[in-house]
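So, here come the structures, one by one.
Note that chain A is present in both complexes that follow, paired respectively with chain B and with chain C.
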Partner chain A sequence: MRVTFPHMGRIDIPGYTFFKRLGWDVIIPPPITKKTIELGSRYAPEFACFPLKINLGNMIEALELGAEVIFMAGGHGPCRFGYYGEVEKTILKDLGYNFEFYVFEPYAGRFKKFFQPICQLFKYEKNLLKIYNAGKIAWEQGKAIDVITKSVYRIWPREEIPGTTKRLYQSAIAKIKKADSVSTIRYIVDDTLKQLGEIKIKKETPLKVALVGEIYAVLEPYMNFNLEDFLSDRGVEVTRTIYITDWAEEQLIPKKIRQKKKIGHHEESKRFACGYLDHFVGGHGIETVGTAVKYAQAGYDGVIQVLPFTCMPEIVAQSILPSISRDYEIPILTIIIDEHSGQAGLITRLEAFIDLLQWKRSKKEVC
Partner chain B sequence: MEKCYLGIDVGSVSTNLVLLSENDEVLESIYLRTEGKPIATVQKALNILQQRLPSNYRIKGVGSTGSARYLTNVVVGGDCVKNEITAHAVAALHINPQVRTVIEIGGQDSKIIILQDGIVTDFAMNTVCAAGTGSFLDQQANRLNIPIQDLGEIALQSTSPVRIAGRCAVFAESDMIHKQQMGYSIPDIVYGLCQALVRNYLNNLGKGKDINSPIIFQGGVAANKGMKKAFEEALKTEVIVPKYYNVMGALGVALIAKEVVVKKGYTNFYGFNICNYDYKTKSFNCNGCPNICKIVEITVEKEVLGRWGDRCGKWSQSIKRFDKLA
Partner chain C sequence: MEPVVGIPRALLYYHYNWLWENFFNFLGVEVIVSPPTNKQILNNGVSFSVDEACLPVKVFMGHCFEIKDKVDYIFLPRMISGKKREYFCPKLMGIPDMVKNNLSNLPSLIIPTIDLSKSKRNLYPALFEIGKMLGKKEKKIIDSYNKALKIWEKERKQKVLETSIQPKGKGFSQDKPKIAVISHSYTLYDNYMNMDLIKRLQTMGVETILPEMLPSWAIEKGLSTFNKRMYWSLGRRIMGSAKYYFNHPECIDGIILLVAFGCGPDSLIGELIEREAKRIKKLPLLLLTLDEHSGEAGLITRIEAFIDLIQRRKKVG
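Coming up: the complex of A and B.
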């Protein structure tokens, strides 16, 4: 059985491990390229958001390579993402492909919806221990990548010799990809963090920017034009506000059995968003508003919001951000992306935004 | 020997040069049409400048801005590359340190810059649509057979402007044609168009922003008196069009170049000789991955000066002296 799933950030690494350990063949879609976007936009509805088009492109490319089973994530609430699995399935069937399609739903109190696709998988694999072990290593990999990424983007803008951090990051990711036991992964994390700590850093504090917005736009570097790398290269520290494992932990594990002491990303955002946005608007609307407030309070220099064109929850958040900007005197830049977006315009805006932040900081220092 | 500083703004429609004296006075300003040939136009502009430049002046620093800023930097040997937004803000602050709002409408993009206490606090640039920028006005003037420089004067003759649908350039055009066929007078249509563009600008860029005076209106479109009047009517306050409104980007980057060079102590400027060099650009597709990036390469006398256009950096990073694009 050859399985596949669409890209999102580095999800391909834990995804590959999980399915491989169940003894299945895994076909990772080729890296996202212009060809992926072209395929996706050709067959997707024009008004659908960019992530759907990339997903669809991934799936077509994987099916062409011989994939037979597609796994996709689902969602709930007003965001259209919850329906994307169905739409993609129908489009692909219409194109004449032959495949099985499973949509994993977040728990969100919906017992049947959550367990139905999982139960269907038992026909392929009945050994629960095997599933547990596969999941455990995959989870550890995902966690490891997130922990390392967090540190990398803190060190990168401070490094004295350009390129040091990036090289270390890439080799760490490659090592994690190969690792086959929890202890190896933990060792790699410790070792990488140690090496990161040894990188020579500059004395001055870099500008600090929080990256908020729709999860796919935040996590997928192809979609946001390598925003984090671009800013880090220019000496700006980017704090990403969503990590896949944090999000998955909250979505997949029912609240009751989650570690009680840990407040999830969504819960925390809801508290910070209080007074600005008190309703669930779907997607990551609340998270965007909440994390913007959180980092404004933490004294960050600026906030960047990224969203796919026509993303409803983020548009709601976008209209609230100016009041946060006013209340906390923090500059906020909104970047809207779709398949027609050009890199030149984005670079101009980002450069101007960095200038603005530097200007503001030097003014503060004078006063 | 007098020191002076050069700012070059190569935009989609126009190429502007500003020569600044040591005391920040504008010595020369040149405004040319880019006509799709950025390098040749920069060379032409430098040629004009060389002839006008008094012999006792020496260029001590060069900065470039505009959409061809990286290209220009490579060609002339620039000391700094700055985005248009910052360059325009610096220039506006130089003209009026109290400025709170900068309205800039150029050939293909429009910007709004909000300032407070001499620093930029917010900005926006048109994203999805170019309706209401210089190119569109140009096109309409052409269609009506009016020279673009007269468009403003004609708009001011209007007595009762016609309402034109301004959300989309194509619909605005068909609406204008419709109004023309109905028999409305040209001045009323032209001023109606100005009002539509201002409405579109304020809805798109001004949304959620506090537009306070003093307001400076710059960029090529500021030449159009009809647009200035329409802005004043819509905002109910005075709008200032500075003397060098059409070369503000170049002015701003000249000021920045001066600052950079004073700190750095020397300039990278290649000199006026570059007018005589034969710059060649060629483009090719990289087949390294399915992205098939279009790579642009610029060479002079067989020496590669710069390459860009690749997503992965394989080509652009193979050249050291070039201030890489991404």
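Coming up: the complex of A and C.
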């Protein structure tokens, strides 16, 4: 049994661990390249959102390597994500591939639907404890990557010797990938955080930018042209507002069971978005608007919204962001990405944006 | 002086028209509906929307701009869901905010939230909110609503043609090709947007079957053969009717799927329908995409070619 699943950020690491520990062969799709995008765009509907096309490219490449089972996440609307699986499956079948396809859907008050794919898993793996343990380590890895990533992008723009943080980051990720117990992973996290704390940093505060938008565009560096690294290298602190484990927690665990005292990202965004966007619109629409307001209030220098071309919730958000920009006098850059986007154009825009922020900051300091 | 409420003639107005209009009329409020879409409205809509918005949303923006200076209120319901576990599209949910943030000098906005995804009873708070803004009593609100609802339901029932889905339906002439036109009502009935598609088809000698003519049991039956539950209310009609025809290809001679440029749901639903049509090979399908630059000439050529194809098939079959 060779299983596979599409890429999104560093999800390959916990994903690999999980399935491997169940004793299956895992075929991680080759890293996303131009070819992946070409394959995806060739067979996907022209106006489907870009993540669907990349997913499809991943799946085709994995099937070519011999994958037999595909796992995918799903949803119940109102966004398009809920039909990704159905569309991808249909296209792959039409292309003549042979495979099994399972969609994990968030719990939506329906036990049967939620547990169906999990029960399918049981067809192959009956040991519940084994599944639990595999899940636990995978989760811990995901958490660890997120925790470290958060610190990394705070230190990186401030580092005195360029490259220090990145090196440390990469070695930490490599270690987490290899780690095979919860305690090892925790040790790596503590150790990395300590080392990050020892990196020599500059005194002045860097420009601060909040990164908001559609989840795939935010999380997948190939899609956003490594925006976080690019800005960090230029001394801009990027605060990413979406982390996969935070999101998964909100999606998978029913509200009632989640820690009462901690208000979720969604709830918080809703409060901040009030007056600009008064209702959820699927995807991360309200999170985009809410966090833009939150960081504008927190005195950030700018906001960057990334979204796939034709993304519905983000189009709603996009038409609202100019009002926030005006009210808080904060520059907001919207970046729309699809298979035709080029890195060169983006870099020019980002550089111009940084210049604008710098200029605004210097004006503020004078007054 | 009674206040004047404006309703943009776009998006879900094409579905709920009499319900909304009559409701306000029974409340004793004057209603102004913006005129049918024209060039000016479309152009304004395009210039006040983000480029990425779909054509119907741009048109809606244009209609809001058109009436905003002529009325005391604009009725801009936030349509979340009309039924349990179903949703409208994200843009319909966010349209009031898009209008608020993109048009200036707006009159007061009536923005009730219609979300019946959990319970039907959620409708009443929304109605009361409307009434409160207009200074009306609760009893009057409920009465007006129920009266309007009755008329609207009756009108809709009259549209359903049971005959249309019997094999080569009685009441339809045998030699004329029968084509089902599947689309969102706001694309199908906005004659400016679709360049008068239905009338054109009819003058070309085609019997058109519109989505509203298919009874809901047929839609549900069609949907039951779709793998995943369809959670978009408007998508249900589109997917359900297409599926129904695929399972009963003897009812009609072809399908025209009319989609608006930039429509998110239709990019996926359309793909699934197109693929199925290709796979089963029993019903010819024409996918027409409308955008703000669509030209008439291109449209006519494509329809003519499609009708030719159907005529040829009829002769052979």
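List of remarks:
Everything below uses one rule, namely that the second predicted complex is superposed on the first by the 362 of 367 C-alpha atoms of A that agree within 3 Å, B and C clash if a C-alpha of one lies under 4 Å from a C-alpha of the other, contacts with A are read in each partner's own complex, and residues count from 1 in each chain.
One rule holds for everything that comes next: contacts are C-beta pairs under 8 Å (C-beta built on N, C-alpha and C of every residue); 3 or more make two chains touch, one makes a residue touch a chain.
Source: prediction; values computed, not measured.
Using the contact criterion defined above for the overlaid structures, shared-chain residue A:33 touches chain B, although it does not reach chain C.
By the touch criterion defined above, A:269 lies against neither chain B nor chain C after alignment on the C-alpha atoms of chain A.
Judged by the touch definition given at the top, the superposed model places A:48 against chain C, while chain B stays out of reach. The partner that reaches more residues of chain A, of the two candidates chain B and chain C, is C.
In the superposed model, A:319 makes contact with both chain B and chain C. Looking at the shared chain after the overlay, A:356 reaches chain B, while chain C stays out of its contact range. Legend: residue contacts after superposition of the two complexes on their common chain; A:336 is shown touching both chain B and chain C. Once the two complexes are laid over each other on the shared chain, residue contacts for A:285 go to chain C alone; chain B is not touched.
When the two structures are aligned on the shared chain, A:241 is found in touch with neither chain B nor chain C. Shared contact residues of chain A, touching chain B in one structure and chain C in the other: 309, 319, 322, 336. The residues of chain B lying in touch with chain A in their complex are 67, 82-86, 109, 117-123, 125, 127-128, 208-209, 289-292, 325-326. Every residue of chain A that touches chain C in the complex is listed here, in rising order: 44-49, 52, 76-80, 82-83, 85-87, 90-91, 94, 276-283, 285, 309-313, 315-316, 318-320, 322-323, 336. By the touch criterion stated above, chain C contacts chain A in their complex at residues 49-50, 52-53, 78, 80, 85-91, 93-94, 96-98, 101-102, 111, 113, 227-228, 231-232, 262-265, 267-272, 275, 279. By the touch criterion given at the top, residues 30-31, 33-36, 225-226, 230, 309, 319, 322, 325, 331, 336, 343-345, 347-349, 351-353, 355-356, 359-360, 363 of chain A touch chain B in their complex.
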